[in-house]
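Here's the structure, in C-alpha cells; my notes come after.
Chains here go by letter, A, B, C and D, matching the order in which they are written, and residues are numbered from 1 within each.
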Amino acid sequence: MTNAPTPSIAAAKQEPGSALSFYGVWLLAAVALVVLPMVFSSGGSLTSFSLIGIAIIFALSYNILLGQTGLLSFGHAVQYGLGGFLAVHVMNAVASHNWPIPLPAIPLVGGIGGAAFAIVVGWVMTKRAGTVFAMISLGIGELVASSSLILRSVFGGESGITTDRTSLMPLFGWTFGPQIQVYYLIAFWVMVSAIAMYALTRTPLGRICNAVRDNPERVEFIGYDPHVVRYFAYMFAGFFAGVAGGLTAINFEIANSAYLGATQSGLVLFSAFIGGTAYFFGPILGAILVTYLQLGLTSVTSVWQLYFGIIFIGIVMFAPGGIAGILMKHRPLIRAGTLRTVIPSYLVAAIPTLAFALGIILTIETVARFSGGDPIKLLGIPFVATAPTTWASAAVLFVGGFLVARITWRRVAEAWDRAATVARDRGYLA
Amino acid sequence: MTAAIQVNAVEKSFGNVQIIRDLNLSVAKGERHAIIGPNGAGKSTTFNLISGHIKPTSGEIRLNGEVTSGLRPFEINRRGLSRSFQVTNVFARMTVWENVRCAVLWATGHRYAFWKNVDTLPEVKQRTAEILDEIHLSHRRDVPAGLLTYAEQRELEIGITIAGGASVIMLDEPTAGMSHAETERAVALIRRLTEGRTLVIVEHDMSVVFGLADRISVLVYGHIIASGTPEEIRGNPKVKEAYLGEEVE
Amino acid sequence: MAELIVISTLNGVLFGMLLFLLSSGLTVIFSMMGVLNFAHASFYMLGAFFGYQLTRWIGFWPALVLAPLLVGAVGMAVERYGLRNTHKHGHVAELLLTFGLAFAIEEIVSMIWGKSPVDYRVPAALDFPAFTVFSTNYPAYKIFMLVVSVVIFIALLVTLKRTRVGLIVQAALTHPSMVGHLGHNVGRVFMLVFGVGSALAGLAGVIAGPSLVTQSDMAAFLGPILFVVIVFGGLGSLPGAFIASLLIGLIQTFAVALNGSLASVFGPLDPSLGASPLTDIWNVTIAQIAPILPYLLLVLVLIFRPMGLLGTRES
Amino acid sequence: MHKLIVAAAAALTVLGGAASAQESIKIGYIDPLSGGGASVGEGGLKTFQYLADELNAKGGILGHKVEIVPLDNKTNPQESLVQAQKAVDAGVRYITQGNGSSVGAALEDFVTKNNSRNPGKEVLYFNYAAVDPSMTNEKCSYWHFRWDANSDIKMEALTNYMKGQPTIKKVYLINMDYSFGQSVRAAARKMLGEKRPDIQVVGDELHPMLKVTDFSPYIAKIKASGADTVVTGNWGQDFALLLKAAADAGLKVNWYTYYAGGAGGPTAIKQTGLENQVFQISEGVPNSGNKAAMDFEKDFRAKTGISVWYPRAVNEMRMFKAAAEKANSIDPVKVAAALEGMKFEVFDGGEGFIRKDDHQFFQPIYISSFGSLADKAKEPFDEENTGWGWHIVSKIDTEQTMLPTTCNMKRP
C-alpha cells in the first residue's frame, strides 16, 4: 500500500553466476537447520529453535498477504489456530483408529484446515483491500476467537483439546516423543514451506499478487480480477498459516482458543513488519528476532512489552523497510565497492548510539524497579534503582548519547550520500 | 462487417449531473480513431465507459459485435480491448521487465497459474523482451518503474497496454506533458505498435491527432457533435463553433 | 416486560453514549488524517489515570479540565515527533506506529500506577441516585456522562460545520490532497486535530474512569469495540459514529435482556445426539453472545455496505 | 538497531545460562506477570518468595535452599508450556501455578507426558489455585497436587452453609462463560436442588469472560427476577464491574462469591458500600483468630504490602518441606509418594489431608463477610486500605467438604 519505490524480490536471477549462489543459499539454510541442534544441544535451545521454526512459517505465510499482495490482516491467527485445531482432532482420530498416518503428515492436515476456512470466508473478505479488509479481518478474528469459547465440543472451551503425538504410528523408529525429533520434523516443514512459498512468488500468480499490491486498478486492465488474485493469496496464506498451526499443535500437543486470538495475530504482524515485508527473507529475520525476544526478554525484564513497543515504533519510524530493508540498502554499495567508505562512520555512530540505548534501558528499568526488584545488571555492572548514581548515569547516557548520536548519524548520512553517488555513477543504483 | 467499437445511445449521470448524453460512436476494425474535444467534454469518461471502468446509466456498448456494457474491465480486456491511462498508472515497486511481463501473462494463457515458474515460460519471456525492445526500455529492464523518468513511464504505460496483444487499443493522452522531441518519438512508436490493430486515442495535441488519425470524433458536453476524416472535421462548422465559440456566429 | 424494555432502553442509551464519548475523538482524527489510531484507547486510559492522579491532588473538577489537556499535549507530541515523520511511508506505517504506541503506553502506565485497579471514585457532588424507574436507581454520574456526550456531539458538529478549521476538516474528508494544495499549514492543522482527538479520548477517560475500572489493561479491554463503532457508523462520519454508538449500546443491552436460545424456541435436542457443535449452537442464549454481536455486525456491514452507515468513502 | 542487539545479547545469556548452584531447589512459578492478569500473578509471586524466605531462614529443605523462579505465562496456556519447558530445561523439577484452569489443565498434561517420556527427570506440578474439578477427576494425574479446594468442593461447603439459612428463597446464578463459571453454575443447581429443594433458582446467567463493560442490563434482569441471593464465581474486573452496576442501580441482595477477596475486589465492595452483603468462600481468613496465622499475616503484610490471599500456598510450601523430610529426599518421585495421603495442620488451624485417590487437598473452609471492623483488637486486618475486612461467618469442617472423585489414578 505504500508507494515507496523499493525494488521487489531479487531481480538477481539474470546475473551470471547467481544461479549458483541462489541454490547455495537454500542449501546453506538446510545445512544450518540440520546442524544447529548439534551445536546448541541444550533442551532450552531446542525448544527455542522449534518455536522459531514455526514462527518462520507463520510469518512467511503472513507476508503472502502483507508483503506480496498488500493486504493488512489483523486476524491471521484464525487460520493458524483452526489449522492447529484440525491437526489435533485428526491426531486424536488417527490414534484412536490406528490409521497408518505418520505424524509428519499432520501439518498438511493443518494446512488444509487453514485453507478450507480461507476458501469459505475468503471470497467475501477479499472483495476489497485496504482498511475495509483490515477491519473485516479484525472482526472475523474476534468473532472466531469468541465463538471458539461457545462451540465447546469442537474447541474444548478455554482449556482446549489435548493430544499425544507419540500415539501415532512411529516412522523409521521415531516416536516423536523427544524434542529433538520434533525439532527435525519442524525443520523439515520449515524447509518445505519456505521453498514452496518462495516458489509461489516466482509463479504467474505470485507476480500478479505483486501487481495487485502496487496497483489493483491497473490490474483489471491487463485481464485480471484483483478480487480473484486476493482470494488466491488469502487461500495460500491460510494454507501455510495452517501448516504452522499444525506444527504448533504437534509441538505443544494442545490446541486452545488462545491460538486464534488477537495476541497471536499481532505477533505475526510484528514479526513480518520488523523483518521487512518487501523481501522474501524479511519475515524470516523478523520471526527469529521476535520469537527470540519473546522468549528471552520476558526473563530479563518484567516490562518486555515496553521494549517491544519501542522497538516496533523505532522500526516503523526509522526503518520502515524492516531489517531486510536496511540490509538490502547496502547491496548496491557492496556491488559498487563503496561500502567501506561508509563503515567507519557506522563505527563512530555505534558508540553514542549504544550509549543512548543503554540510557533508555537504564531509565526504563530504574522506573520499573524503583519500588523494589533486583538490581539492574547492564554489561555486567549492577545498578540499584533507588541510587542517585544510577539516575545520574541514566541521565548522562540518555541525554549525552542522544546528542552525540544525532551528530554522528548526520555523518553517516553524509557518508552514505557520497557512497550512493559513486554507486549511481557506476550504474549499480537507479 | 461489424465495428470494433460500437457505442449506442449511451448516457451517464453522476447524481443529478449528466456527463454523457446520447453518445453514439462507431470505430471500424483497423481504424485509427481520435476523440477530441474541449476540457471537461467527457473524453476520459467515454474511455472509462468503453473500457468498463464505469458503467453506463443507459445505452449499449459493443466490442467486435459483442455487448460489453455492464462487464467488468478485466472481462472486457479479455475480449480484446486494452487501454492506457492519462495519469501514469504503472506498478511502481516492480521492475520494468515485470511490469510488461504481468501484462503478457493473461494473454499467453497463464492466468492464475501457481504451478509454473514464471521465469521459464519461453513465450512470456520472448514476448516481454520484444515489447521492451519496441518501447526502447530494454536497457532499463531491472529498474523499478517508480524510478523511471516521466517520458519513460509514459512509454512503459503504452508497453503495458499493448503487451496483451489486444485487437483494440485505447490510449488516453499518450503524449501529455512530453517535449516536442519526445512526442515525435511517441507518435512513431504508437504508429508502429498499433499496426494492424484498432486504435482509439484521446489527444490534445492537434498535430498528433491530425497526423495519426484516420477518423476523428468531436465530443462536446458529453455528446458527439461530429465524426469524420480529418478533412471533414477541419471543415465542419459545428466543430469550429465548439472550439472557437461565438466568434463564428 | 414493559419494565425490562424501559430499563434496557435507558441502559442502552447510557452505554451507547459512553461509546460515543470514546469514539468521537477517533472519528475526528480519522476524518481529518485518515489515520486509524490504534492507540486511541490508550489515550483514553491515560485520561483516566491522569484524572485519577489529578483528582487526588486538586480535586475532580479541575482534573476534568486539566487531564484532557495533558492527554491532548501528549497526542500532539506523538503527532509532531512520530506520525509526521511516518506519514511519507503511508497509512499502514502510521497505523502500525500507533499499534506499537499502544503497547508502550500500557506498559508505562502499569510501571507508574501498578497493575491493580486504582481507587478512582465518583465525585461526591454527583454520587447520588438521580431518579428511580421501576425501583431501579439511575446514578447522577451516569446522567452527567450522558450530558457530556451530547454536549460534545453538538459542539463537534457545530465546529465541523460552522468554523474555518471545521471546513478544512470537511474538505479533507472528501478531497484529502486538495487541502494541502490550498496552502493551509497542514502540519499544524494535523497536529491540532490529533491533539483534539486525543484530548477527547482523555476526557472520556476522566469521565469513564470512576464508572468503570481504572486499570492498566482498560485500553486493551475497550479498544476493539471502538473500531466497530466508527467503522459501523462510517469511517470519518461523526453523526454515523453517534448513531452507531447508540445502536450498539441498545443492541448489546437488549441482547442481554433476552434469554432466548434455539432450544427455548424449538425445544431441547434429543440427548442421544450427544455433544456436537449443533448442541452448542442450540443451547447458546442470545445473552451469552451479546458482546460478540458488534463484531458480527461489523463484518456484515463491511460486506454489504463497506462505507458504513453514513460514510462517504471506503478507506 | 543497536538496541535490538543489546536486548538480544541479554536474552542470549539468559537462555544459555542454565548453570547454577547445584544445591538449591528451584520452584518454577508460572503465572501472569505481564498483561491483564499481572496484578494477581504478582501477588502470588510475592507470596511464594516470602514463603521461600521463611523456609530458607530455617535452613531450607534438607539443607537445600529454596529458590522461586518467576516465569511469565501471560495467562496463556501455550506460553505456559513454553515457560514450563524452559524451566525444565534449566533444571527446575517443581512447578507451581494457580491462575486459570486452562493453564492448569495444560500444565497437568505437560507434566504427565514429560514424566512418562523422560524417566529420571520427573517434574511435579503443585497447583495452588486452578480449581477446575476435572483436574482431580477425569483428567487427574499422579504428578499433580492441588491445595486449593476445587470449585465443586467449595460449592459443597457453600451449600452446606446455605442449607441452614432459611432467609434464602430465590437464588440468581451469574457466572463467566468458561469452564470454571460453568462448573460453579452446574454444581450450584445440583447441590441446591438436593439440599434445599424449596430454593428457587430464578436466573442462571453466563456472560462472556472479561468482555462486558456495563453490567447494568444484567442487574436489571436480576432485579426483575426478584432474587434475594446471587451466587457468582466472577473475579477481577468482571466482579468489580458487576458490583458497581449493582450498587448504582440500588440492588439489595446478598452476594455469595468465590473471589471477592481477589485484587481489586475489596476496593470495589467498599466503593459500592455493600457492607456485610458480600460473602466469600475460602480456606482461610485474615481475622481467623488463630494466633500463628495472624502473626504470619502481620509480618507478611509488613514485608510485602499485600494481604495473604493464598493461605493454601502456605500449606503447599510447608507440606512440601514436610514431605521431603519424610522421604528424606528432594527427588520429585519420592516427594510425590510422601505427599500421597499426608495429613497436615493447616494454616488457620484444623487438620487437612491429601486424598490419595486424586491428590486433592481437603481442609476446613470458611464463609466470611466483608464489612467494617468493630473490634480492632480481635479483627485487626482490613483489606486494600479500605478500613473494611473479612469476618468469619461460618466454618465448614473438612468432613463437610468431601466429595467423591472419578479419578482413575495411573501410578508409575
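Just so we're on the same page, contacts are C-beta pairs under 8 Å (C-beta built on N, C-alpha and C of every residue); 3 or more make two chains touch, one makes a residue touch a chain.
The structure displayed is predicted, hence computed values, not measured ones.
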Handout entry: Path length in the contact graph (chain C to chain D, fewest steps)
Key = 1
Problem - Distance from the mean Cα position of chain C to that of chain B, given in whole angstrom - result: 48
Completion exercise
Expressed in whole Å, how far the mean CA point of chain A lies from that of chain B is 43
Practice task
For chain A and chain D, let me know how many angstrom lie between their CA-based centres, rounded off.
Solution key: 37
Fill in the blank from the handout: Averaging C-alpha coordinates per chain, one finds the centres of chain A and chain C separated by a number of Å equal to 31
Exercise for the section: Mind pulling the residue numbers of chain C that touch at least two other chains? Expected result: 107, 288-289, 291-292
Handout entry: Set of chain A residues in contact with two or more other chains
Key = 3-4, 146, 150, 303, 305, 310-311
Handout entry: Set of all touching chain pairs, with the criterion as stated earlier
Key = A-B, A-C, A-D, C-D
Completion exercise
The answer for chain C against chain D in the complex is residues 3-4, 7-8, 11-12, 14-15, 18, 107, 110, 114-117, 119, 121, 129, 132, 135-139, 142, 211-213, 215, 217, 220-222, 225, 252-254, 256-257, 285, 287-292
Handout entry: chain C partner contacts - residues on chain A that touch it in the complex
Key = 1-4, 72, 124, 127-128, 130-132, 134-136, 138-140, 142-143, 146-147, 150-154, 262, 266, 269, 273, 303, 305-306, 308-313, 316-317, 320, 364, 367-368
Completion exercise
In the complex, the residues of chain D that touch chain C are 34-36, 38-39, 42, 177, 205-208, 210-214, 216-221, 223-224, 237, 240-241, 244, 248-250, 263-264, 267-268, 271, 384
Exercise for the section: Over in the complex, which chain D residues touch chain A? Could you list them? Expected result: 1-4, 6-8, 10-12, 14-16, 18, 33-35, 71-72, 74, 76-79, 81-82, 85-86, 88-90, 100-102, 105-106, 109, 113, 117, 132, 177-179, 182, 208-209, 211
Problem - Residues of chain A touching chain B in the complex - result: 3-8, 11, 13-14, 199-200, 202-208, 210-211, 213-215, 217-225, 228-229, 232, 236, 278, 430
